[in-house]
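First chain A sits with chain B, and in the next complex the same chain sits with chain C.
Coming up: the complex of A and B.
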């Protein structure tokens, strides 16, 4: 039985502590949550992602007040009501659209940081896996949100992507119709994607963010050298006042102070994009209302899906789908395909260094080829890049198995 | 310093990706059409000097189909009847001298179908607009007349209504092909808006005639400035066939100034937040610069003596 001090005034420190253990919570989650000192600004990407998700959530709530999920009214509710009639509606929409695009850039930077520093190994596997689940739910969130303005690209991207579920020659038309709720994208389709976008997926994302933070708490954050730190011993040093000698810093306020600074720089760039350079996040094609009688000359997904789209595109129907499926799941397997015990920056890991940079460049090539029309030289480059992507992952267990242990590491 | 190097790597790959999916990919997807500054170089310069008085006499023939409200000549038919006869409602000519290019207008009066570049749509039927000038002199006289009656100042909205508004609606500005949507109210008892229904019926008939005439309904231009690039719009208006071969859209023949007026209106309606963005942007960015500066001081104070 817990002890409750009968003399504590309601909401006083003592009173709260008895009921909520606020001191313990603060210690465990903030002032004695130890972060290695040896990090760079890339370690602030998590905080930037959390903040961007906050921006998306708040701007989304404002947009939700005026958006109408009806195929007849959706387009005008966005482009006329929100953009023209509601005070600052344009600002919320541009913030939402730009954040939705930028959040993927930060996700990719965050992912490649993890890959580069080997932050998915030695107790950190669940961090990687929960992060990948977040990537998948964010992708679904982005796709469902893209349907809502009911423009030409909403309609036709919805058509193309739901068609994938016919699974090529298996020809599961029934499954496609079940997903759409109709033979073609229509009211039923818009209604369910609206629900997914504003309720189910945000809930899933919030749950997964908590899980992602949770998976981080015990193994702690990695550091620039992949050094295995005895966090308890280092924390003792810090508490003894050896701030310089200790290899760790408390999350709050020391780590936070740098995070907030990086966040400030990020928001300067973000709002520059929101006010002066938002076109990249709002495709012109989607400013034409959905027209089932007119297919746009070029159908392409948003930039962050292009690399996997390009893995689908150069192959015939069935192998293309298999390759696409491969691309969707393969990142999940990274902690298990990397057979090397080394936790170190890629540039100290021999062949893995080459693997990392080739993967990065290859995915950028795939991204660009995914947008240009599939013709002539672009098809050739796209096909080669898709094969390189597949072969890189096939090669990964072998090259990491051959990797020599780095001195000082088990 | 190491952090700056890392930042440089991140920025480099980000910019390469941006360049690839935006400027580069769009340059591949959209064909390049040379902008000719609304000079209409395929049309020979007209050297004849026009006489507005003679033009006025010739313009009497125009009034058989067109209204010229600036010269107190009313429309011979209402828009729906006119569209049943001609396909679309012929324009009021008051602004012809102000919005259209002089050289274009002269050539259009002589040879409408070729000057408007719609011969491909009228191979086996006559173009509703007949040739109104047999030689350069009478064309120049008519142009001089239209210029004499044109108002000094044309608003962007008027330019739009004259040059585009009989085919393209603009629902965000409550503009339809037969004029502005009337301000009506439903009957409080029946919840029916009879005036609106009557107007909608007329509009439906007009659109029906137009679709028969043009092959499809021309797009609503409410947010065309967001749906098409500035470059596309000006090259398309200057020479529609260059961007969309076979399109029913005629070469309207707006002058450079006329186009600027029309574009200004398209932008006012299609991108109404532009002035607000320009007003609010510096404050928000300024706030975050200050925020970042203070955050930097905090960061420096917290990390002092740590390394």
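Coming up: the complex of A and C.
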């Protein structure tokens, strides 16, 4: 039987505690959630992502008030009403567009930090998997948002991506028409992608963020040496006043103060881009209204999809789709394809060190080749890079199986 | 006691499952193309004024349609079995979307070629693939020849013949 102190003043500390256990919540979620000391600024990327999602949500709410999801009106509601008439409408749009682009850069840094330090193994598999689900939903969110201004790139990207669902020679035209609600992208298409972008996908993202944080709570974050820390014992040291000897610090206020510092630097760069270099997130082709009878001379996705697009491009239709599907799901399998028990930075793991850097460089090459026109030497480089990507993942179980155990690790 | 609870659990599960199935079906149907979209029917194209080697782009069910009076100079294309004879002239009529991922190829009259800018696919003046990634020729929509006109959306005897020969796509 819960005890409610009749003498506690409404909304006083004790009154709140009796009803909401605020002290326990605060302890479990922040002041006694332990973070290793042995980390660097790359461990701040998660908080930067959460903050950027907040920026996207808030700027999106303001855009939503004037945006009209109608094929006749959408283009002008963005490029005329929001950009020209609404007070500070340009600010929300540029914040939204730049954040949508930058969030993927941070996601990739966050992912590659995890791969480099082996933060997807030894109890951290679900962190990786929930993170990959977030990557997929963010991708869908970015794609659906890209449809909304209903410019030439919106329309033709919508055409090309929905056509992927015909699954090559299986020729599922019915499925493609069902997804579009029409023979070609039209009103039904715009309406449903608007719904996905502003309701269903943001809800899914928020749920997945909670899950992602939840998966982190028991295994805790990794550290720069992949050391297995006894968090209970180290926490006791901290609480006993042995702050120097303890290997951990509390999330709040100690870790957060550093996190907020990195966040501050990030937002200086972010707002510099918003105010002075927003154009990198605004494709000029998308400032032409959608025209179903005229394909732009060169169709390419935003930079963050280029690597997987380039894996699709050099192959004939069916093998291209298979390679593309492979690229979409293979990162999910990382915790299971890495057969080595070592949790350590890649540079201490022998062949895996080479694997990591080749993968990183290969994905940058794929990204660049996805942007240039498909001709001559670019096709050759793109084809080689696509094969390298596939072969790296095929080789991963073998090279990690051969990896020698690092001393001091089980 | 636990038998009763099991029974109630199963009954609840069964009804909830039925409801979920019904909701899924309703959701699926909500995303189907609307009847008004489906009924957007037939396009008639008058070919009597068409000039040789000039590409005309018409629209049928929201898709671009290529109409080309194939030039005799491009002998290979001119002899192609996929061409449609209307009033003694040979026409190439197809959906103007690349069979790779649906971009619209551009026609280069001096080369008698369609070139797709998206992924570099090429077709000749009869829509046959000259260079991959497109896996198949440009698709011929259902059509019916009516004097000097062609009606798209209706399968006439000429279309049925092409289809039986496996030449429409």
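Assume the second predicted complex is superposed on the first by the 410 of 410 C-alpha atoms of A that agree within 3 Å, B and C clash if a C-alpha of one lies under 4 Å from a C-alpha of the other, contacts with A are read in each partner's own complex, and residues count from 1 in each chain.
Following the convention adopted for this analysis, contacts are C-beta pairs under 8 Å (C-beta built on N, C-alpha and C of every residue); 3 or more make two chains touch, one makes a residue touch a chain.
Keep in mind the model is a prediction, meaning the values are calculated, not measured.
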**OP:** With everything superposed onto chain A, say whether chain B and chain C fit together or clash.
**Re:** fit
Original post:
Looking at the overlay, what does A:395 touch: chain B (first), chain C (second), both, or neither?
Top reply: neither
Original post:
Is A:253 contacted by the first partner chain B, the second partner chain C, both or neither?
Top reply: first
**OP:** Have a look at where A:58 lands relative to chain B and chain C in the superposition and call it first, second, both or neither.
**Re:** neither
**OP:** With the two complexes superposed on chain A, say which partner A:179 touches: chain B (first), chain C (second), both, or neither.
**Re:** second
**OP:** Please work out whether A:374 is in contact with chain B alone, chain C alone, both, or neither, and reply first, second, both or neither.
**Re:** second
Subject >> When both partners are placed on the shared chain, which of chain B and chain C touches more of chain A >> reply: B
Original post:
Which partner does A:298 contact after superposing on A: first (chain B), second (chain C), both, neither?
Top reply: both
Original post:
Which holds for A:16: it touches chain B only (first), chain C only (second), both, or neither?
Top reply: neither
Original post:
Once the two structures are placed together by chain A, how many degrees is the angle at chain A between chain B and chain C, based on Cα centres and rounded to a multiple of 10?
Top reply: 60
Original post:
A:167 contacts which: chain B (first), chain C (second), both, neither?
Top reply: neither
Subject >> Distance of closest approach, chain C and chain B, by C-alpha atoms in Å >> reply: 11
Original post:
Taking the contacts chain A makes with chain B in one complex and with chain C in the other, which residues are shared?
Top reply: 297-298, 373
**OP:** Spell out the residues on chain A that touch chain C in their complex, using ranges where they run on.
**Re:** 156, 159-160, 163-164, 168-169, 177-184, 186, 188, 192, 292-299, 313, 315-318, 320, 373-375, 379
Original post:
Any idea which chain A residues touch chain B in the complex?
Top reply: 37, 40-42, 76, 79-80, 83-84, 90-91, 94, 105, 109, 243-244, 249, 253-254, 257-258, 260-261, 263-265, 267-268, 271-272, 274-276, 280, 282, 284-285, 287-289, 297-298, 303, 306, 360, 364, 367-368, 371-373, 378
**OP:** Would you mind writing out the residues of chain C in touch with chain A in their complex?
**Re:** 28, 31-34, 37, 57, 59, 61-64, 99-106, 117-120, 132-135
Original post:
Any idea which chain B residues touch chain A in the complex?
Top reply: 2-3, 6-7, 10, 13-14, 16-18, 20-22, 24-25, 28-29, 171-172, 219-220, 222-224, 226-229, 272-273, 276-278, 280-281, 284-285, 288-289, 291-293, 295-296, 298-299, 301-303, 305-307
